[in-house]
Every structure is written in structure tokens, then in C-alpha cells.
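First chain A sits with chain B, and in the next complex the same chain sits with chain C.
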Partner chain A sequence: MTTTKVSVNVEWLSACGGCDTSLVDLHEKILQLFDAVQIQHWPLITDIKERPKAKIGLISGAVRSQHDHKVAVEMRERCDAIVAFGTCAVYGGISAASLAHSNAEILDRVYVHNPTTVGGAAPKNTVAVLEDKVLPLDEVIPVDLYLPGCPPHANFTFEALAAVIAGRVPKARDESVCGRCKRTMKKTEVAAIDSGYAHPMDPSLCFLSQGQICLGSVTLDRCLSPCTEVGAACTGCAGPTMQILTEPNRDLRTEVAERMSLLTKIPAAKVVETMEAGAKSHYAYAMATKMVGSKPTFLIKKWIEKIEATT
Partner chain B sequence: MSVQVTIREEACRGCQMCVDVCPTKVFTYDDAAAKARVSGVEDCIACLSCVYLCPSMAINEAGYTAVKNFYRDLDFSRRMERFL
Partner chain C sequence: MSQTIIVDPVTRIEGHAKVLLDLDDGGKVKSAGLVVNELRGFERILVGMQAATMPAVTARICGVCPSAHAIAAAKAIDAATHAEVPVAGHLLRELLYMGHVIHSHAVHLFALAGPDLLFGVDSDPAKRNIVGIVEAHPVIAKKALRLRSLGQKINETLGGRGVHPVTVVAGGLSFVPTPERMASVTEMATEALALVQELAPPIIQALLALLEKSPQLAGIKQETAYLGTVRNGKLNLYDGTLRLVGADGKILKEFAAAAYAEHLVEHTYDWSYMKPVFAKVDGKEVVYRVGPLARVNLADGMETPLADAALTAFRAQWGRVVHVTALQEHARLIELLYACEKAVLLAKDPAARGNTLAPVTFTAGRGVAHVEAPRGTLLHDYQVDAAGVVRSANLIVATQHNYAAINRSLTQSAEALGVKGPADGNLLNGLEYTIRTYDPCLSCATHAVGRMPMQVSVRKDGVVLYDVRRDS
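On to the complex of A and B.
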């Protein structure tokens, strides 16, 4: 590692804190990191309010409020390189589910007409005014590097930081979650979509082969596939694969449908229909970014209207 | 230079989609290992069907001339270069 320490500012916007906490998952490697970097500002572990000038700025979280916006702009001014750290900063993350509703509707649902609140009123002295909609970091400031993941696995974080500090290109595969999954994909006679909750599933067989929707094949591996190992299908938290992001004619639901229809007897159209009905969940992590939200095939408002009309 | 096709073995889930989709039968299926193998690379026409279909994105092709994808969003593609 270098003898002069690299200065780093870490900042969170609208985030859960998971990305910051995942930095601690570096375990002993964090000592190597601290040999090389000087942490100057990190709300999770320090009480330093100022943001001094730094070489690297790590920002997690989406831009949801005007405060987030201001902080992001200030970080850009103070840091030479900005890393969008985690799915929320890269794509907008789960708070993008709010895109389906207006701010007024959301405030009304949370504070006034909430099933567990009686006589509620919207707060008058808001701490931070909400932006009109959720924005990924690069809609507000130029971003130098992106590290998606919810949170990114410590292996990727360490490699990314080590590479940035050493000024080299990081080693990162663009494989999907299936690349690390231990399950085998086999062709089966399954003819209907399975929720996966009604009966025990085969723990060694691919979810798609068993008729359960899994986003593993359309999700970038920044996690080392822990969920499928413990029996949970991939929900796509690290965002879509490169081919979906770069090519407008490729989409999460059509790619899952194509592969699932090749593995099972379930027609592709049925998979597409099911995924559209659950679009708020299936597209949750990345719909705020224009890379997904502006696709001509992405019609979430229409899908939600369709569901609301039938319920 | 001729086309080279490689599969990262650990990432292969054994689905056989590449075996089925390939128009020139470049792949064979190894039953014992439950993995796809590259067996006829000299026939590869670099259509990239396998590369796009592979659920793991485990297939790599090199040594072919790429035709510019007219529908690809160049701005997004440039952004991809900065993904860690």
C-alpha cells in the first residue's frame, strides 16, 4: 500500500445505512484499508460535521430530499473522485417504489390515512423537503465510478477501493447471480408458476426450473449469491446485468421469461404477465434510473393501473 | 484471427441453453459433470446468441468483429465502463 494516505469522505443520503455497515464487513482487511486511507468524514462512525477536501468520496443512498441534493453537490465540490456506492446511489434503489405515486399521495398515506393512525396530520415542520421524485446520484452530480449491490459484498468493496487507491483497473466480472449460485438448472415438466411458499422446494435445483420466479439470471453479481443458498430466490438487489442496462430491447421480465420457458413448460407470456403484476417488487431496485425507467418497454404505471382495476 | 469461445466452468449451471440455441453446434453437454463444453469452436459464426442467453453470463467470445449495435444507448454504454 502507499505511504501517503489517501483521504476519503464517506457520506450517506437517503439510505438504510447497510452500505456503510458493509464496509465494516471487511473484517481484518479493514486494517489494511486504514493503513492506506485517512477517513475524514463518515457519519456512521464519526461525529465530524465538516467535509474536508478529499481524493475519494463514497456516497451511498438515493437523492430523495433537497438536503440529499445539497450534500451530494457539496461532496462533488470537495472530492476528486466520486464513487456511487450501493444500489440506491447507482440506481435509486427501493425508494424508487415511490415513483408510482405523487409526494402528496405518499405523505397522505404515511401520516394521515395510515391504517394504524387515528387523526393523523401531515408534519408542518419538515426536516427536509422531498424532491419531486427519487433520483439516482448521477442525475444530480457527475459520478466517476459505480459500485452497485445492496450492499455490495465486502470482496467487491475491498477490490474496488484497493484499485482506486492504487490507480489500477479493478477486477470485477460482469456475470450474473447465477454464476455463483450452487443450484443446478435442469429442464423440468413444471407447468405452472409456483410462489415457493406453499410447499417445500428442492434446495439443489434452480428456482426457475421449479417454476418460481428468481431474478438471478438478470441481476449483476455483486453479492456472491448468498440468498439462493439459504432457499430464497434472488430479488435483484444489485440491479440489472450489463446487457439489460445497455440494450433498450432487453428487459428483466422478457429475459426471465425466455429462460424460464426454455427450462419448464410454462409459456413465456405467462411469466411476463406474472412479473408485470408484481412489477413494483421485481423492478424495485433500479426503476429510478433512466437506464431502466426510460426503456420503451417499461410501462409500470400502465401495469399498476391494470392491477388496481382488477382488485 | 479465428473466434475463441470460453465458458467459465464454475459459473456454468448446466442448463444446456447454449447447446440448444447454437445454430452451428459449437457446444456439447458433459453429462458426468453436468456442464456445457466448447467442442466445435471452428464452426462458430459469432452470432453471440449463447453469450446473451447464458443465465450466468459465463460465456465469453473473443476474436470476432463486432458490428455496431445501432439500438445500443451509447451514453449508457460509456457509463458501463465506470462500473466496478
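On to the complex of A and C.
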């Protein structure tokens, strides 16, 4: 970090506040950050009311409402460099699962046909109008730096800020979550998909080797791979690897299916079928981005309709 | 002709909330309400997802209290599948959660409320933030940041990640922590307990000084009912029975989370995305509050000695049932003490060792569970099918319970202050104080309310007449 203070505006759109909290998870390093930057606008913690001009604009959250859209445009006007901070800003994130439903359907469930809500009607006055669907940030403004992660590990955030401040390219490798995973990948005789919760699993063996769906091999490491060490398969919260994003013929389900079928006796087609049936979970974080959504064989709406129709 | 005024903190909390004032024909305040301006619609989008992913997915409802959502969801799926969570699974989830509460309460006390406490609510806004505290009170700030870090690191050591933990799953905890991890958690909890005892006196002192300096804060009170959770009568954050007490502290009812729909009812406003909740008592709908103040009001006492002594002192000074919303900070501090003490006990508990996870088998069923989120009772309700897919979901989050009381307080403040026209800074300040004392976390529906610049748009029959605005 430099000694001259660099001005920063922090902003959130449709998000959970987790990216903001992760900034505080710089722990002791946050004091270093305060030394290096002048935080001018950060709705969560500062009292500065306006959005002054700043060198860096850090935006978390997806564009869900017309108001989010307007705020994003204003941030673009006020900041020299815009960082799409976190999976929601980069790919639309978890609330992008709403892609599968119309706004009317969502409003109906929350306000009208809801088990504990009486006399309900969807709000229509004074509230911000929802966009037709969730949009990643770069569909409404140009973005200079993408930092996915739900939230990104503080190390990546610190490096990203340090790089933007110094005017250099951030040091962040294009590795998948497997890169740092400590589990052993080996060929097994497993013949059926395993949910992972019906019986004890081997904590040191690769999930794919055990027939359990894990998105580690198709997910970009912006987390330092902590989950597989504590018994949890990767759910892809940082979004897909560059390989998946940039090649039209590659997809989460086909890549996972190929690897799992090589490691086990489970046919690739069975893995694809399972992942399509669980599409709303497996594609939860990045379905709103055109890089995933525009793939010709990506039929997320159809898959979700199918699973919701089964009772 | 009636009028509507919109107090719009858009420039600060970015459109996620503003305030609406309705005036009657005589220009007097008829009603006021906090407008929550964003919706993500989780109750719809969770349907069709795999039930086993609910803890990790619903953590994303709120990055301020992700562990609370993860635990509520895991407990609900436990209930739906009749999973027999091993004792160590429950204890370690609770320990993880105490870490989260330490982090969350510390963030609130030092980063969100701290600037008001240490500098006063009328101080320079450019300094009135955590950076200002670091500059003006470096020793307190360092200790406070350390305390928060310890809480978050306990949460992370057991949760795999700090924000959005992944180990809290249906059936228990997804892994057995190594002895090294447990030793490090024990060490961190012990350090946190020592730190919180150092930090408590200056916070209480600052709160008293603030109440003296800004007497209007002591005037913001609501004699409401209170809802929270007790186990054997003592305050509990992880599990227990829901207890509703009246404004006089008398127990109105106790019920299990599974029966919430019989006791609580949500309404809608056509001007806000957030739904208020009322308690059903003797055929009437009652306004109540949740959160630290509610919990210390309704509990018989605290389970741990230091927190219990702190509660006794609090009651000696302010009474058995406290309605002044600013004292929420004091209640939060009592809970922070409790969370540190409880974390040490849990970390050292031999029963927290060994198997943490039970197998889970899905059959069609329903599961309801709750947890006391840092800001109040959080309820998750799922219908799942035999394939383990969510078929319906219903959620009631902490700030929803407080919503009716917030609106009532706003109405009272606006009535007391009067509406005097476009340059009415007094109205803006008054409404801002009112909202702040409630500490509404709108993240669960939208976002946390940080600080509030205010903009009031005065409307008559839907047409804006003028704006009252406070810019820096």
C-alpha cells in the first residue's frame, strides 16, 4: 500500500452485506487499509452522505431494481475505476435464481399466497420497481476489475485493492478450487451418485471419487478452498472457472460428469441428469451471466420447470 | 385533503429504506412508516432447490448474520427429516454461533453504534465512523477490533468460512474438528472473555454520557410486548422455547417454533417490501419487539455468572422491564458477555468432542425451526419431498418483528416534532434517531441500515409538494 491516500467509494446494490463484512475480515490488515485509503462513502459504516468523486468504486450486489440500476450508473460517473466486488456483482449471485420466475410469481408467493400472511397484496406505491430479471453489474455499466467470491477471501480483496492503488495487474491465479484442495483424487468402484448426507463419507477422499457432486473442479478459487477441508463439497459460490466461461462447449455439468465418470463407475450421462435435476442448486450463483446463460445447451428454465412440476 | 410525506434516506442506504409520513386534512401526522425498498424473493426462489443446501444458500440472505440463517435452516431440515443430531453436533454449532454473536455484537457496538456513543450523535459526520474511532481512541479501537476478529475466527474455525459458513448442515456439523482446531478455539474464546471485561466499563460509561447529552434518546421508548427464546427460563440464542411477555413483563405465552403460525401473523403494506408481524393474543393482534433488549426483558436470568451479574445491575438501574430503545446497546453488551462466557464453556466441554453428524434420510415432510439471530428471532419453515427438494418455504426475519414498533415510534416522533416545512432539520434528526435506536438490519430482506441522511418528500394525494433534505 502507498502512503498517499487513495479515495474509495463502497456501494451495495441487491446483496446480503456479506462482501462488506468480508472487508472487515481483513482483521488486523484493515488498519493498513485505513492508512492507505480514504473511504469517502460506505453506507454500512460511514456518515458521509454523498458519493464524492473517487479513484476506486467498489460495488457489491446485483442489479435487481431500477433503483440499483440508477445507483450503479451514478457510481460509474463518480469513480475512475469500478470493481465488481463479489459473485452477485460479477454474475448475479444467489438471487439470480429468480431468473426462473416472473416478478409476478415472486410477489405472489411473498405477499399474497403465503401461509402466515393475511389480507396480502404486493406493494405498489413508493417502492423501487424491480427489473424484469437480475442483472450482473456489467450489463448496466462498464466494469474495470472483476472480483468474484461469495464473499471473496479477504486476501484477494486486499490484493485487488493494493493492485488498483498501485496501478498494476492484481496477482490472482486462474486456478480452480481443486488447486488448494487437500483431498486425494483416486479411481474407485463407486457405481451410484451419493447425496453425501445419507451415511458417513471419507473426509480425505475427493468427493467426485465418492460419487458426490462437487463443483470444485469447475469453480474459480477466490476462497482459498476452505470447504472441502471441513466436510463440505464445493457449491460453486465464486462462479465458474475461465475455461467454463469462455468455451461455449464446456459447462459445469458436462465437465463434472466427465471427471466423475473417469474416477468412478458412474456413467457421465447419469451425472448430467442428476445435475440438471438439481440445476437450481448447482447453477445457483452464476446463472444470470450471459457467459453461462447464453450457452446453447443451457436450458436452466426448462430444468427448473421440470423439477418443480414433479410432486 | 390528506398528504403523504416521504423521508428518503436514499443517499445513505441506497434506496433500501426511506420513511413515509401521512398527514391528515389539518396537516397533522396520521401515520408514519419505514419503507423497505428492495426485495429478493427467497421464499419463491428456494423452492425447487435441494433441501440439503438450505443452510448454505439461506446464509446468503444476510451477510451480517449468515450463521443465524444457516443454523435456523439446518435445524429446520433436521426437524423435517427427524435427524438425530449428536450432542457434539449441537454443542459445536452453538459454539460456532457464539463466535458469530461475538463478532456481530462487537461490530454493532463498535462500528455501528460506537461512533454515536463515543462522539455523540451531533458530532462531525466525517469523523463519526469506525475510522474516526481508530484515530481518536486507538486503544479501545484496537481491542474492539480484536474482539470482533476473535469472534469471527471462532466462527470461521468451526464453520470453514467466516461469512457464509459451510459446516452447519442437516444432521449436525459436517466435520469433527481436530484437537488443534479445538485448542485454538478455546484459546480465542478465553481471550475474548478477558477483552470483553475490559471493554464493558468504557462502553457503559459512554452510553450513560450519551443519554445525558442527548436526552431525546431516553424519550424514545415503546411499551410493547417482547418475544425471544429461553431454555429453562434463561436467555438462550441457539435453541429453546419462544416466550412472549407483555409490557409489564408478565408471560403471555410460551410456544415451540413449530407452532409459530398459530401465534404470529404477517401483514403487508402497499408501500414497502417488508412485512410487519404481530402476535396473536386473545383474539387480538399485539405489537411486540425482538432483539437483545427484548431478550433480557423476558428472560428470568442469564445462564453464565458474569452476564447474570451484569443483568442484575442493569435491572437495578433501569427496572425489571426496560422500554427505552437506546438501552438496547446495554442489553447487547450483556449478551456479548454471555456469548464470550458460553463460548469458553462450550469449547472446554468434553461432550463437544466426538461424532458430530447423523445420517439424514428425506421423506416428505415439514420442518420448522428458529434461532435468536443477533437482532432477534429468526424462523425458517420448509416443506420438503422424499427426493430432498424444497417444495415450499416461509421465513420470518428479525427486523420484521420490530417493524410495527418502528413505525409506531416514527409516528410518535413525527407527532411530537411536528412537520414544519422544507427546512425542517429537526424532523429529520428526530426520525433518524428513532430508526437508529431500533438497529434495523434490513439485510435479511435487503440490507443493514447504516447511517441515515434524510430526505422528506411531502406529498399531497400522491403528488410531491416539496422535499425536506439534509445533505452534508
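Quick note on the criterion: the second predicted complex is superposed on the first by the 302 of 311 C-alpha atoms of A that agree within 3 Å, B and C clash if a C-alpha of one lies under 4 Å from a C-alpha of the other, contacts with A are read in each partner's own complex, and residues count from 1 in each chain.
Here, a residue touches a chain if its C-beta (ideal position, glycine included) is under 8 Å from a C-beta of that chain, and two chains touch if they have at least 3 such contacts.
Quantities reported herein were computed from a predicted structural model and do not represent experimental measurements.
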item: Contacts of A:192 with chain B and chain C, given as first, second, both or neither; value: neither
item: First, second, both or neither for A:237, with chain B first and chain C second; value: second
item: When both partners are placed on the shared chain, which of chain B and chain C touches more of chain A; value: C
item: Chain B versus chain C as contact partner of A:170, first or second or both or neither; value: first
item: First (chain B), second (chain C), both or neither touched by A:284; value: second
item: First, second, both or neither for A:249, with chain B first and chain C second; value: first
item: Partner chain(s) touched by A:104 [first = chain B, second = chain C, both, neither]; value: neither
item: Residues of chain A at both interfaces, chain B in one complex, chain C in the other; value: none
item: Chain B residues touching chain A - in the complex, by the definition given at the top; value: 8, 10-11, 13-17, 20, 34, 52-53, 55-58, 69, 71-73, 76-77, 79-80, 82-84
item: Complex contacts: residues of chain A adjacent to chain B; value: 83, 138, 143-148, 156, 159-160, 163, 170, 172, 174-176, 178-181, 183-187, 206, 208, 216-217, 241-243, 245-250, 258-259, 262-263, 291
item: Contact set on chain C toward chain A in their complex; value: 6, 10-15, 18, 20, 35-45, 47-50, 52-53, 56-57, 60-64, 66, 107, 111-112, 115, 125-126, 128-131, 134, 145, 148-149, 152-153, 159-164, 166-167, 169-171, 173-175, 260-261, 264-273, 275, 357, 359-361, 381, 385, 387-389, 391-392, 394, 396, 443, 446-448, 450-451, 453, 462, 470-472
item: Contacting residues of chain A [partner chain C, same complex]; value: 11-22, 24-25, 27-28, 30-31, 34, 39, 42-51, 64-65, 67-68, 70-71, 93-95, 97-98, 100-101, 105-107, 109-111, 114-128, 130, 150-151, 195-200, 203, 223, 226-227, 229-232, 235, 237, 278, 280-281, 284, 304, 307-308, 310-311
